[in-house]
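The first chain written gets the first letter, and so on, giving A, B, C, D and E; residue counts start at 1 in each chain.
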């Protein structure tokens, strides 16, 4: 049973990260943008875990916990802000949010 | 390895106080909640005293997660003073804008905890968590004026882009971990020195880390969020973002680059060289045509971050000293300026346009003269703190053979003169359009403005004390 | 007493300060009295000094008094030192003597003027400055007087401040003079650079040691003398800077008499003579001076032929006579030049004062053709002016005959002379006689002109007395310089110590030419003058239609003559106008506002435009911002890509 | 008196105290305020006269030196280091003379009087400090301190385009001085003395203990030069000057033209030459050409200005061209002449601005074509104007001549063509000044408004007489002032000669 | 076996991730994201991080995504309309993305396969060791996350709570 090389996991992480970046830029819906960020965070987590295996350490697992916590915290605040946006302008389209510019 | 709880006494103090304040919300009648702000200031002052007492402490704590050193101490002083000032100018602001005190000050205290932790952190994970505390409280505080769509927009942009850049930074940390097998500063540095770390992964990690920090420190072209966020946030929070938050990021960046990545100095110096030039140029240029004071100061703070980078790039104790001194000077003048802006903005922040400053010079001499001092200091004219800030930064940069960058900084700040002058022109050289309008200046704000103005002048006349502290903190 | 000769400066200065500071509130009598007294006192004092001076042995006739050090910077020193030698003595006497008479004349001429205090203050200042000029012991102090008289000239030409033409003329005089002064200064610099001193005594002594022989070609001395001469052309109205003098007639007539005829304009002559030690060693420059002198004399005399303005005639005559003097200097006859200067001072002052008397009578009618028949009402004026005219025309035995004749003779006889100069001089002599007689006939003879009858009389003794005295002087002044065939040339002997360091070309030695030849030449000159006078009589005393017909037939020629060969117009169009256009259109509007300031403002607006670019980054759109962040990251990757491996 | 032990500090202290007193006095008492300011400025003047009398003409070095560490920390040592030499002494004197006159010129001002007076006194402190400071940082501090009050003076009390002028003035000057700051920092590291002591730096360079490479010397010289050239102003950097002079209130114009421009020339003498003699010598031909352009160009442009103040402003460009020419002709006469011309220009141009200000007070216009025939209505005024004008165009017997003559004479010794061109400036200055005089004062009174203009008042006389007297004194008794400079100028010349000799050696060995 | 699992779930993860950013309606994006998270959990498990995999399902896919869905349903956003030039823009963005990926995949990652010094991770001991490290070495970060969460709670309260006072 051959092990999948770490490089493949890393590659998957990179692909997911790039997809997240692209999603953030391409999508206009605030929630979807935020979901893209979550995708990026998961890509990072995958990277952490892949390296954890190559280094034979569990430290990285703990990092992933922290990242998850942070993601949760961000989600709480972020979704609250999104609710606020909806209250103010009844839209979730980020392109309409440009009162501040110049 | 020991826990060594006392090392983090100031942070613990702040965190506990924050929780207590939070708990006090339901207990205090809304009228009394004003006191929360003063309580927060007192706590911050107490923490400051603790920091000063612990000045000579050094060494790791909490199993190497944090490490006490003069740099951390100096940075903490800076953050505590900044937060205390922000707290003082917030009280009357919240009252005026009819915003809740109860959640505000705990958030501010927590943010301070975050900054403090960043300053003393000795592990990337710790740094990351500190930064996240700072950022998340920042998102909330920026959107604190819930009734104002601008505030919401500001917070939302800050949040989305902040989270976005956080992912970059995390990715960088992951790669660094992959390259070195650790997130501890000392281990990373060690493996880089011993050539164990794989260059490509290591450098890519460093690059992504720089992107993350560059975003938080608003270095061009990652400064892009700053003007919008600063403009929309409540004035005291703008001050907090421009001073405390920015200082925390810059000092952490300084520590990382000087202590963790000296081996890759060639690479990050190159990258920061370009960022520095771009930041100074874009910050100063874009500020030229601004019409809103907060936005103007936002661009100004971008430009100043560019100057500060000079000291970072210098990659020497002198550079670090210059950075710390400049940050101290910058804090004095920027906090002072925002305090004045806070008072002038009045109910619902109606008056933040440059034109609103027309002719107020003679009506509100205290405010306008102080603001003039702050602006002159931002320009860098002696005898104000900003002058010596520039001098020491330039010295360090020249010592590091960054003469071209210094010349660029000089030219950029010459361009920048215009927008600072514009404000002075409006205040003193134009007639007011509307009839006089009394502007109440609450005592706390008055004290802040006077102290900051006096400090700006004092440091400008006799910079030795701050310089000595900065030097010690920089390890000179 | 003689060592205090420089005190002669004090009375005019005191007079100037008195009238200038408090004169405005004083009655006219006191003002004019003070003015006359100041110059008179100076004159009397100088007479006393002269009495003592003349008794000194020739080698001691060189008294230097050092008052104080004026400027000292390193090796450069300029003393405030005065020099009294025969040359300055004679100049001083002329200045204060003629000056005094003109002051007296002015009390009558200027009666009723509101700015009398100014007038006398300026006049006293002029006497002071002119005395300073001739008394100066070095080039720099000389330059002080030089500029000072220019200033007084400016003030007095512009005396009638409400007249725009007066202002224009004054300014023109000053600026044109300044051109000369600039060259003078350069000459002074070169003297210092070459010899390290500006004091006359030590300088000339050094020169005589270092340059014992004259050298032709463009030597240092040639450069120095050329520059100084250019300075002299300004002050003495020689080509190419002659244009200001005719306009200077805008000033009050006594001023024209004193400054623009008798004294100031001869400063150039004085300068050259004073620097004889230098000039005598630069033969090529001397030749140039002679040529310039001859040309100026001819040009001015021709111009004078057709002028209608009585003062303009006299002004051109002055230029012409100055040209004569320069011709003398140019052939190396320095003392002859001074001789003519001396006699000219009398008769030209006389003529101007006479003209002033006419103007008083005619309420400042200047046009000769609107005069006529004045000989009955202005008897004294008429005959004194005839004396002056005769002297100027060189009629024996009046003073002008001797001095002019000597010049002509030197031009022919001197080793530096040339028959061409002589011939030209003769022509000028004829022309002079012609235009002066023309003036006399037009003014005093024929039918009375418009607007004035037979009635009216002389203005009073304050006018007639100076006229008479000057007429007397003009008549007899020639005795100081009798030609060899008549007796002793006292002036030559008197001036001899002045030229002790000059190189002796043997100008006055005579070159084997006999007295008879000199006599013959004198006779020729006299004959030519008489011919000119006769022609004038024919054309203007009897039938005046010929000149008019001539003028109508050759309008171009007539205009050219009338306009002084259009040199002035050329200057004002090309030099002045050109400079104005250059300054306004090119330098100010185009270069300063357009290019230099435009660059500044352009930079500012460029920054504004860039600022627009920088703020356009700030579109407000979060996704764009994210794209910027990605761009930043991409740049980092790009760099790392280049670094890794 | 213990303060007498610190003569130069006292000099700085007097106007500082004056400004403080003015600030503390009740704002309503206008007369009191004005007198307080005037007395302070007169006290400073008197004290500077005392300094002048106690000055030892023989010594070329700095006198009455006061020196103490200002602060020393973390490798930086900045000193409070004051000293007086012949050049600075005279400029100090000029400053203290002109400030009271400037105060008198604005005696009738009512608008924000307190701020105005305080600004002028602070300006005096800054200017005096610039002339006294011997530490580069201290110098820079004073240099900038003098900038701000002037900025306010122009911007608040100026005429219609004041803001444009003020901002332009500020940015121009500040851009230059920031470059200078960079140069100071570079110099600090190259010298390695750990301080900013000018005298020590010059000493080190002189003794050859530190040698600047040609590129470095060019570079540093360039940075310093630009800062000073803006202030002087040297030809292409001059366009702030007409605007600033024109828009500034009378007193500010007087100080600006009288003293502030001298700061630039002073900087050249004090810093550029002794610190970078080699680069100075190398670049001197180019700078002389700029100076010549300034002389001719300034004069020609002045000639066609329709505005009196602009005319005087451009004349300053021309006059200061002479100064720069003198400085960069590098010989004793020309440099001493340049220093002297600085003084004279201060007096004569200062007085010209006073005069134009007097006219502006009466007619509220400065356009030349608005006037004409003023000699009739204001004879005393026109006489004063004329005398001052003569001083400005360099009539012998007045101050302008001595300076101009020495500059030209000195220049002629080293650079004949330059002197020949510069002499044209002498002619042109007469042309534009007299033409202006003619249009303003001569001719008939064209405008009814000019008919009843009051002549000079006692106060106005009191501010003109000293200027005229000074001009005469400088024209006749030049020794009084020239002697004080001899030693200092000699030192400079020696420094330059040293480099010239070294160059000879250098060229021997390729 | 591991390879098959990896490639299958990697494909699922990439596919669902693409769906997240290509779906017009946010709800579907959220569902896709949950799928993606699930696939990743499997991969985590395969990497020996069983605890993390569990948490991924419980916390991430469970709690956080529910929160997302809740908000989406609450606000009921209209489906996004993509502009006509979307593909051009996407292509434009895809280019640098592809370049980046190529760079990372071909140059950076293959160059590095560390062989760690730590003990290999036993499957049963995982949680125990993690706990051990978490409460000793990572005590402080752990405590600090509590502050972080506190801040988030406080923030959410402030931002969402209705009219204060």
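Criterion: contacts are C-beta pairs under 8 Å (C-beta built on N, C-alpha and C of every residue); 3 or more make two chains touch, one makes a residue touch a chain.
Computed from a predicted model, the values in this text were never measured in an experiment.
Any chain touching chain A that also touches chain E appears here: B, C. Among the remaining chains, E is positioned farthest from chain C, on the basis of C-alpha centroids.
The central chain of the assembly on a C-alpha centroid basis is D. Between A-C and A-B, more contacting C-beta pairs join the chains of A-B.
Taking each chain's centre as the average of its CA atoms, chain B and chain E sit 31 Å apart. If you average the Cα atoms of chain B and of chain D, the two centres end up 43 Å apart. Computed centre separation for the pair chain C/chain D is 38 angstrom, with centres defined by C-alpha atoms. Per-chain CA centroids place chain A at a distance of 65 Å from chain D. Among all residues of chain D, none touch two or more other chains.
Residue positions of chain C touching 2 or more other chains: 615, 618, 620, 622, 626, 630, 637, 644-645. Chain contacts: chain A has residues 10, 20-21, 24-26, 28, 33-34, 50-51, 54-55, 57, 59, 62, 66, 70, 73-74, 77, 81-82, 84, 94, 97-102 touching two or more partner chains. Under the contact rule defined at the top, the touching pairs of chains are A-B, A-C, A-E, B-C, B-D, B-E, C-D, C-E.
By the touch rule above, chain C contacts chain B in their complex via residues 604, 607-608, 610-615, 617-618, 620, 622, 624-626, 628-629, 631-633, 635-637, 639-640, 643-645. Here chain D touches chain C in the complex through residues 168, 172, 236, 238-240, 297, 300-301, 303-305, 331-333, 336-337, 373, 375-376, 379, 390, 395-397, 401-402, 405-406, 408-410, 412-413, 419-420, 423-424, 426-427, 430-431, 434-435, 438, 441-444, 476, 478-479, 482, 486, 490, going by the rule given at the top. Considering their complex, residues 615, 618-623, 626-627, 630 of chain C touch chain A.
On chain A, the positions that touch chain C within their shared complex are 21, 24-26, 28, 33, 94-95, 97-102.
Per the touch definition, chain E reaches chain C in the complex via residues 96, 100, 103, 107-108.
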